[in-house]
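For reference, the structures are reproduced in the following blocks.
In the two assemblies presented below, subunit A is common to both, partnered first by subunit B and then by subunit C.
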Partner chain A sequence: MADYIRRRVLTTIPVLLGVLLAVFLMLHLLPGDPVRLMLTEHRGGSAPTSAGSITEDMYESMRRELGLDRPLPIQFISFIGGIFRGDLGFSFRGGEPVLDIILRNLPHTVRLAFFSLGIATLFGFVLGVVAAIRRGTWIDSSMMAIAVAGVSIPSFWLGIMLLLVFALKLNLMPAIGDATDLRAMILPAIALGFNTSAVVARLTRSSLAETLQQDYIRTAHAKGLRERTVIIRHALKNAMIPIITVVGLQFGHLLGGTVVIETVFGRPGIGRIAVNSILERDFPVVQGIVLVSAVTYVLVNFLVDLAYAWVDPRLRFGSR
Partner chain B sequence: MTTRGIDSIMSRRRFLQGTGALALAATSPLLENSAVHAEPGVTNGARQRLTMQEEETPVQGGNLYFISRQVPSSLDANVWTATAAAVIMRQLYDPLVWQPEGGQFVPGLAESWEISADGLSYTFTLRQDVTFHDGTPLNAESVKATYDRMIDPATKSLQIARLGPYDRSEVVSEFVVRIYLTEPFAPLLSSMSEVALAPISPAAVEALGDGFARTPVSTGPFKVKEWPDETTLIFERNPDYAWAPEFFTNPGPAHLDTITYRFIEEESTRMVSLETGEADIVEQLPAMEIQTVQENEKFQLSSSVLPGMPELCSINVSNGPTQELAVRQAMLFGVDREALALVLFQGGFPAAHGPLTSASWAYWEGVEDMYPFDPDKAADLLDKAGWVMGGDGVREKEGQKLTVRAVTSAGGETQRVAEFVQASLMELGFDYVVEAMAYEATATRFAENDYEVGRFGLVSIDPHDSLFAAFHSSQIEGGSQFNRSRIDDSEMDELIERAAVEGDTEKRGEIYRELQQRIMEQALILPAFERPTAYGLQPRVHGFADDLLGRPYLSNTWLGDD
Partner chain C sequence: MADSMAGQSTRAGNTLSDGSFSSLDVSSESQWRTIMRQIARHPGSMIGLSILVTFTLAAIFAPSLTSYDPAKMSVREALQPPSRAHLLGTDMLGRDVLTRLLYGGRLSLRIGFIAVGIGTVFGVTLGGIAGYWGGWVDEVISRLVDIMLAFPGILLAIAVVAVLGPDLQNLMIAVGIGTVPGFARLMRGQMLAAREYDYVTSARAVGCTHTAIIVRHVLPNVMAPVVVFATLAIAGAILAGAALNYLGLGAQPPTAEWGLMLAESRDQMRRAWWLPTFPGIAIMLTVMGINALGDGLSDAFNPHLRRR
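Let's turn to the complex of A and B:
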């Protein structure tokens, strides 16, 4: 097992480096000069306010101060070098250390993603189990209709609709609320997790339905066990294996989804920071967030693999 | 003159109708001007309202929820003052001089000031009773330290352009500071009235280091209490505040205990927060919602046209058919600008006619008569210039089609403007291609001179700031790259430069009048509409007033009953 873990950790290093290089290149290839955008305070859509008469000297001096006049390979190497020293650089805008920005915002995103994952898994799982047991009935069809809707509805639209209905019309929930208030997390968590719950529901249904066809289930029935015992003790445990994998992978998906949801609901978090930093071409912040997201993603996948091996003994021993 | 019976198109008056306590203020003659383009040199009436006697006694205390659209990257005004950030910074900083009306200055932290005859030195005599939020006194030394820090490249200030040809500061005595310039710079006092040049506590810069950007220490009526995350920022009253300018209704510490800023980018969420009552004030209502709020008795609306350049289309003189004056003029005659404003904004935004908005002090009314909507004249101009109508409805000349590519930011008003212009000009035989994309991508197209028409608009109190950026030849390739007309005209450069060093406001105004005429004669821009501020307020918000750029002075504001 220790060997397995070590191998997995080593293989993530080239993955992370590749991701960072790709993002670095993408940022520099994107149209829009960060310094020019900063000096002119322009952002899409709105009219900016003049910052006075900007001269080319100011532009050059700012590029120098931000280190953007250096050749690209040097910039990349200094960025990677900084990571090993725990230094992710400073925001172009405001000059705050990138690490501080991330550490301040990451907990909000992680909390929302976990909360959302919890709700989505529970909801999806129950939906899927009921549909599988009542397969072929109207209950099954309506559950799966909800699931199809869940997969197809974009989260930003759902978010706005939830706001309009529950905050505006019914006045049950706060529209903006306090970031740390659990009540204010409910709507964003549903908007964010609806898609995931649909995925979980469909998978639970098919996985459980397939398991229920297995010989050992017939055997259990033949032994005279009650229906409930058969489903809970025998069928569900085996049906869980693919579900765990998907739930784990969905966590990464949810982290990505916060980009949209945090903006719609005006919540703090790294998703929202990522959007703004990309719009503002704040390279160090974008790179820092990508690094953190990539590490999280890799870590979650790794944990999923471990959980998988733990749930399914065949994998643990068979992989040798 | 009262508000009753006036069929207003501007919402500010509607706002005043809604606030009983302030209804008197609507008698200000200034209020009408923002809507109907009256005399130049007069701007909207926000400041006028502040001098009015309030009938009710302000309620002390409470927390105001202010919904802003964009979280500031920094609160250090000397370094960073994005449009949305300055709205917030207004509460933290006091300027040396205030500018209640365009081109008019009243004492702020400086009791008096003197400009040398050659325009090269400015001597400010400071008030002696002012302390920073950290308790240290404001003196000449701290003003000098503020500007010394700004010009240090390591500070990476984005605001040094506001200092113009700044040379150095000198401490004359404890409370007298002199600023030297290398050449005269008429916009300096106007710059001084902005938060960007407000003095800060040098002791706090020393003590806080990088942390200064998040908890700046200045002299304003509020100070930072807490900034827990990217969506929430809380200010608290500065209990020692006693140096408000004369035009504030509240000479002492702010009425409110705290202001809680919440940052919400999503327009519809901002609207919902106003409707659920969670927000007291919502900044920058979406254009399409302004009408809704205006008609809704539940809310107040405060809206006034911003000075500077209106939303417009810069016409590129260095590319394609728009190199020809006749083509550019035909474009101006061919678009009904009044209809544009009416169709796109139901009249909520006024039409623009020239390079400056009617809220700019140097606005010249003459632009209004230069290009009336006249499609026949437009067609005639094109015919005479040899652009003949082809079989496909597109004019051509010597085998070249009358193709004009308009590069604009995608979505929102700017794209709708481009589409309106497109619809109008197609009828005249233009092949008008709208290319809408992300702002950053448009910036690249402009930098590479790959367009005939480019979207532009720039807010500024002093006309120099916008006219220099948009029409000086140095700004085609360099600086802001805002000269999207790509006009390289030495006479125009000379006018811009001459206005910048002219100390006499009257004479400056004359130069700007000439400049506006010249810009329109050459048809360098197609003006579209004038952008107003748009604040939605709960009825419980009293004493709301904002500066020339629509930044509220919240120390006058208080929360009463609904």
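Let's turn to the complex of A and C:
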């Protein structure tokens, strides 16, 4: 196991560095000079160029102040150094530290993603198990029809529809609630997780169906165990392996999906901030959010892989 | 490497991973005819194909199917519910919703095809190079793909839009870049497997150049899973494109685009249920049709599942 962890760490580090480099270059790949952009976008955004207020002096001093006159590799190193000190730069709008903005909004997003993942996994798992046990019956086909719909419905549209029906027409749910109110989180969580539950359902069905054909299941039946015991104790345990991986990976997708869902429901969170920041050309905030999301995703994947290896010894001792 | 693949292509993965497709099939009729025959027998994919063909034709012939103009405003006819004159109602500016849906279909389909076109070209090239040459080339490309996959869901596309600026063309590029890593991984795996086949060794033995081996011998044999993956990717690209448009990161008003139409319906939802309802149904049907077709193709290409 230790060897496996070491190998996995060694492949994760270059990816993390690559992510940092990509995010670092984001600001430098922008059409136009970041300093000019900052001078024009800073506070309020209306370009002061008409008044001719960007003098060469202002430009040079800003460039020096931001350290943009240094060679790129040096800038990159100080960018990484900044990240370790928790310095993600400052918002163009209002000058608040990016880290503060993210820390204030991230909990809302993570809570929604977790809640959604829980609902989706449970729902998808039950759906998949039932479909696999009743394979080939109308129950199976209707469950899988739901699953096909699940991967085709745009999550944000499902959110809009849920909002329209349950909040505006039937008044069963708050349309826009307090971010910490659990009731206000139900509709967004369903909208966000529907796709995931479809993925989990399909996978559970195929995984369990395959496991049920294994020899040891026949052995278990032959021993005279009850159907229920066979499924729960023998089949599900082994069918779980691929499901765990996908559920872990889905967390990242849900984190990405919150971008749209938060906007639909007007909920606070980093997704909504990211969209607003792109529209307001507040690049340091966009950069910070992209960075935090990607790093979180990489780390979650890493943990999922470890969990996977822990459950499936073949991987640990495999030749990879 | 294979570990994070699972999330990318859970739908396509189970049939794609076994690597051996067309080369096993030795029959007198051409491969494509066999596939067409398989699709014709698969009810789901026939439904999918008919939805796709209908929507494509509707988008192409939109001007002759409706007498309204997608952009023409008429305040007097604002927010009318579905009626005989306006089958799907009108929006807050009095524009005919059905007309806007028909014209919007052009954009959604274009986004899907162009984005996936970009993804296929770059992804297949990168993955093919990585799988064929292996060694450090593979190592570099695989890490690059890992980095791209580190941006979850539509975040990669969002980051690209943030850099390029929000408009429709950049949106297509962004969504396209988002599909590159999936193609690259798939192609790399296919290439790795193909490299071991006898026909590649033979081609090498008779002195074929690398280009000739890849283009003439390997590519035709590994195209099947790429086609399946591309079909499913088009569905994903349409969804991602609609989401970005909804967020205002793509097409700008007064363009008739499904995602944008949903965004514009936001303030009218309580009064006009038809505004948020129909564009969503249009997106869903399109995506469902393409997914069904993709599933059918995947079965048709997979010799183990073929019903003869």
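Criterion: the second predicted complex is superposed on the first by the 237 of 320 C-alpha atoms of A that agree within 3 Å, B and C clash if a C-alpha of one lies under 4 Å from a C-alpha of the other, contacts with A are read in each partner's own complex, and residues count from 1 in each chain.
Operating definition for what follows: contacts are C-beta pairs under 8 Å (C-beta built on N, C-alpha and C of every residue); 3 or more make two chains touch, one makes a residue touch a chain.
Predicted, not measured: the structure shown is a model, and the values here were computed from it.
Chemist: Name the contact category of A:61: first (subunit B only), second (subunit C only), both, or neither.
Modeler: In the superposed model, A:61 contacts subunit B only, not subunit C.
Chemist: Contacts for A:94 in the overlay, against subunit B (first) and subunit C (second): which applies, first, second, both or neither?
Modeler: A:94: touches subunit B, not subunit C.
Chemist: Have a look at where A:163 lands relative to subunit B and subunit C in the superposition and call it first, second, both or neither.
Modeler: In the superposition, A:163 contacts both subunit B and subunit C.
Chemist: Which holds for A:174: it touches subunit B only (first), subunit C only (second), both, or neither?
Modeler: A:174 contacts subunit B only, not subunit C.
Chemist: Output check: A:103 vs subunit B and subunit C. Expected answer is one of first, second, both, neither. What do you get?
Modeler: neither
Chemist: Scan A:5 for contacts with subunit B and subunit C and give back first, second, both or neither.
Modeler: Neither subunit B nor subunit C is touched by A:5.
Chemist: In the overlay, answer first, second, both or neither for which of subunit B and subunit C A:268 touches.
Modeler: Touch status of A:268: first partner only.
Chemist: After superposition on the shared chain, which partner residues are touched by A:39: those of subunit B (first), subunit C (second), both, or neither?
Modeler: So A:39 only meets subunit B here.
Chemist: Answer with first, second, both or neither: which of subunit B and subunit C does A:122 touch in the superposed model?
Modeler: It touches nothing on subunit B or subunit C.
Chemist: Which parts of subunit A are touched by subunit B and by subunit C alike?
Modeler: Common interface on subunit A, subunit B vs subunit C: 30-31, 160, 163-164, 168, 263, 279.
Chemist: Using the touch rule from the top, collect the residues of subunit C that touch subunit A in their complex.
Modeler: Touch list, subunit C to subunit A: 3-4, 6-7, 10-11, 14, 143-144, 146-147, 150-155, 158-159, 161-166, 235, 239, 242-243, 246-249, 262, 265, 269-270, 273, 276-277, 279-280, 283-284, 287-288, 291-292.
Chemist: Looking at the complex, which residues from subunit B come into contact with subunit A?
Modeler: It is residues 67, 70-74, 76, 79-83, 86, 153-154, 156, 158-164, 187, 191, 196, 210, 213-214, 228-232, 262-266, 268-269, 272-273, 275-276, 278-279, 284, 306, 308, 311, 409-414, 438-441, 443-444, 447, 457-460, 464-466, 468-469, 474-475, 478-482, 500, 531, 549 of subunit B that touch subunit A.
Chemist: Where on subunit A does subunit B make contact in their complex?
Modeler: 30-33, 36-56, 58-59, 61-62, 64-66, 91, 93-97, 104-105, 108, 160, 163-164, 167-168, 171, 174-179, 263-269, 272-273, 276, 279-281
Chemist: Help me check something: in the complex, which residues belonging to subunit A touch subunit C?
Modeler: My answer: residues 11, 14-16, 18-19, 22-23, 26, 29-31, 148-149, 151-158, 160-161, 163-164, 168-169, 199, 202-203, 206, 242, 245-246, 249-250, 252-257, 259-260, 263, 274-275, 278-279, 283, 286, 290, 293-294, 297-298, 301, 305, 308.
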